[in-house]
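Several structures are given next for inspection.
Both complexes shown next keep subunit A, but they swap its partner, so subunit B is in the first and subunit C is in the second.
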Partner chain A sequence: MRLVQIAGYLGSGKTTFLLALVQKLAENDKKVAILVNDMGEIPVDGKVMEKAGMKVKDIGGGCVCCTLSGSLMNTLLAIGREQNPDFIIIEPTGIAVPKNITELAQRVSKKVEISFGATITLFDTTRAEKLVTYDTLKRLISTQIKDSDIVALSKVDACDADAIKFSKEEVAKMNPNAEIINLSTKEGVGFEELASAVMEIEVSA
Partner chain B sequence: MTFTTDKDQDHDHDHDHDHDHDHDWDEAHEGTAAYACKCVVSTSRSLSREEYHSLAKELMGAIADGCWEQGAQVIGHIKAYMESGDAFFYASTVGNPDDMTVKDKGGETSDKFQLTINSIIFGIEETKVKLATDKAVEAVISKNGFSLTR
Partner chain C sequence: MSTETMTAKDRVIKFLQGEEIDRPPVFSGMGNVIKPVLDKNGLNFARVHRNPDQMATAASGSFLDYGFECAVIPFDLAVEAEAMGAVVNYYDDVDGMLYPTIKGKCVKTIDDIKVPDDLSKAGRIPIIVETIGKIKEKLGDDCAVGVHILGPFTMLGQMKELDDLLEECFIEPEKTNAMMERVSSVIVDVFKIYKEAGADYLILREMGATSDVLSPNSFKNLVKPHLIRIIKEMPQPNILHICGNTNFIVKDMVECGADAISVDQKNNTAESREKIGDNVIMCSGFDPIAVLHNGKLEDVKPGVLEKWDGANAVMPGCDLWPDVTSENMQAMVSALKAGRPDGS
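The block that comes next holds the complex of A and B.
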């Protein structure tokens, strides 16, 4: 199974993108397992996906990159052994560090076959300036972006050209090697490109 | 739940991976606090889809305002869902009134709904997130003439 992470800060549009992505993968006859991690004690994102008709493995009440790392590894192992899907899509919390999740998955890959797809991080263009204002927050955002193969500048339908330009420059400073794609899941901008990247890209772990 | 930095914490997990105790999350999670709550709201009549959408927006806005008042630096994500009868409503905000989402999966509503809220905020402690969330929920529910059971 190929592991794909849809990362990004809180409220950046991960769940909305994931809902559309999973539908696209299903249309292409791909078997998909979804693992959603909510920071709150009562998960919300998983419930929304279930209501959209998706079968979801929900881990709540912490972050799978650290406090719930054991749950993540056990869940990956169980999914690999019991379902063996074409793709396992992980939506971690908005404060997760993608590299930590990759490291944990690498450990699991010694027990079940896991290949690694693109790590995609969403960056909310509508809050770009705010997200890089506070040092602590900027470090988190920067870490998430550094760990990514692709950065999607999300919600581009809701902001002007200057905000998109600013976002692109900030992201490029944080990770000059990442591919940067404009995304509006709502209006379909960049969606096909990202969906193709999920289906086609395999990276060496 | 509040994430804080504790550089002295024990790291007693296996080290078959290649890093040097420089866990990025030590700092990455600093400053973010989450609070989740669940309650049942009696409305005494069946509300329409439009009324649910309006109520959801009012709740999201009030919680965000409360968190700003408590000193929040960034509204990470406030999200909620309401279940009434066969109907399901989902709402979310990042603190910008122009970027508030309410979606629904239609169905018959009853005279009550279950409300679940998850507020994740940067820049204030969990106690303040809880205070802002609980206070906003109570105020909006009361203002609309409904009653709340936790």
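The block that comes next holds the complex of A and C.
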């Protein structure tokens, strides 16, 4: 099974993208499992996904450094052994940043076969200036972007060319190696490209 | 021949008070419920969080069965938020061990933070109080009882969308500060309740303030003032624990004023010691997943001993992951009881 992480700030369009993505994967006969976690839960997203027919598993709470990690590890093992989906999608939320989840999955990969797909962060172009200038937001945003293979500039249908250019430049400063894709799930912009990347990209962890 | 001259409880308390001890204590500031103890006593993980007898049995087991020198409760991180109105999912119907979580985000504004008139009767706080008493009945004065509470930023992040919280911190810091202030008052009051009930030491866990999430500058301006206030008002002895990469904020942690600081495996403790000097009690954490849970038996001893560098005590960097083996627990405790590899 291939582990794909999709991160992004609240309201960046993750749920809309995830719904479209899992539908696309299902059309391609791919089995998908989704893990949700937080220091609390994200029940709304989880419920939306369940309604869309995806297998959603909650991994409980606890400190992300160990108790949550233990739950995630056990859940990855159980899913790998019992369901063996083609893709397992994790939305790193709260303080669970992508690199920590990758480190943890590396440990599990010794016991169950896991390959590592792209880590994708959605960056909301409509709020770009706020995201890169608010000191309190910048740390979490830049941590997510630095950990990413692909950054999708989301909601490009709702902003002008200057905002997209600004977003692209700021993201490139934070992670010069990330591929940057314009995305509007609603309008179909960049969606096929991103879905293909999910299906095709395998990275060395 | 044993050279031990103190009880485990005295050792932990005197260590935190900076007094002379026969050897460093082998203890923790985080949860120590483990599956071998649950299984031995026929306890169910999902139910143990709400039953004082069961919680006391589970918490005491790592001392009674393995000689780990503390009993730390609670096992989950949702007690105080629940007391302020958050709804908790205990995963009663789930196979395996899932730690309770808060269902949804219940706080948008300060008015949503409901402080009960009598915190000692709110949510599971009376259960924790009763459990402290029951542990004392079981272990007498032999073992130290620790109780932890989340720090204000982490607790608020449980109840309010973290992204919203971070944004509000910047746009309307006075609103965030008011919320942190209210939560901080609850933390102090609940710590006092736990101390009154017999807790021997108290741990403030501010894991959400890790440098992956907050810049050192944000920690200093936003979180630190509240930690200073809480630590000034809470009973002693106490520990401030922050996990993740804390090297950038370790001096600020010290300035919060706790009797000891505790960091996890991501902290370079030798580098931290350089920054904070020799007079600060610093507990260094080993990785409870990689070393204790996943590690082979022969890897446990070197895995824990390597964390002595610059530290006054070595402990699990976080909660023990319950699914640890008895053999690894025994290996960890005996490796740490032997003291520093260099004998200093």
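By definition in this document, the second predicted complex is superposed on the first by the 188 of 205 C-alpha atoms of A that agree within 3 Å, B and C clash if a C-alpha of one lies under 4 Å from a C-alpha of the other, contacts with A are read in each partner's own complex, and residues count from 1 in each chain.
Here is the rule we use: a residue touches a chain if its C-beta (ideal position, glycine included) is under 8 Å from a C-beta of that chain, and two chains touch if they have at least 3 such contacts.
Just so it is clear, the structure is predicted and the values come from calculations on it, not from any experiment.
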Partner chain in contact with A:L10 - subunit B first, subunit C second, else both or neither
both
Applying the touch criterion given at the start, work out whether A:P92 contacts subunit B, subunit C, both or neither, answering first, second, both or neither.
neither
A:G190 contacts which: subunit B (first), subunit C (second), both, neither?
neither
Applying the document's definition of touch, where does A:A158 land relative to subunit B and subunit C: first, second, both, or neither?
first
First, second, both or neither for A:T126, with subunit B first and subunit C second:
first
Quick one: classify A:L140 as touching subunit B (first), subunit C (second), both or neither.
both
Now for A:G80: first (subunit B), second (subunit C), both, or neither, which partner does it touch?
neither
Which partner does A:G117 reach: the first (subunit B), the second (subunit C), both, or neither?
neither
Determine, under the contact definition given at the top, whether A:S71 touches first (subunit B), second (subunit C), both, or neither.
second
Contact residues common to both interfaces of subunit A (with subunit B and with subunit C):
9-11, 38-41, 43-44, 61-63, 65-66, 69, 94-95, 97, 100, 107, 130, 134, 136-137, 139-140, 143
For a test of understanding, state which residues of subunit C touch subunit A in their complex under the given definition.
30-31, 76-78, 86, 89, 91, 96-105, 154, 157-159, 161-164, 166-167, 169-171, 205, 207-208, 210-215, 217-218, 222, 243-244, 264, 287-290, 293-294, 316-323
Write out the stretch or stretches of subunit B touching subunit A in their complex.
1, 3, 13-14, 16-17, 19, 23-25, 27-32, 34-38, 73-77, 79-81, 88, 90, 92-94, 96, 98-99, 105, 116, 118-120, 122-123
In their shared complex, subunit C is touched by residues of subunit A numbered 9-11, 38-41, 43-44, 58-71, 73-74, 78, 93-95, 97, 100, 104, 107, 130, 134-140, 143
What residues of subunit A sit close enough to touch subunit B in their complex?
9-11, 38-45, 47-48, 51-52, 61-63, 65-66, 69, 94-97, 99-100, 103, 106-107, 124, 126-127, 130-131, 133-134, 136-137, 139-140, 143, 155, 158
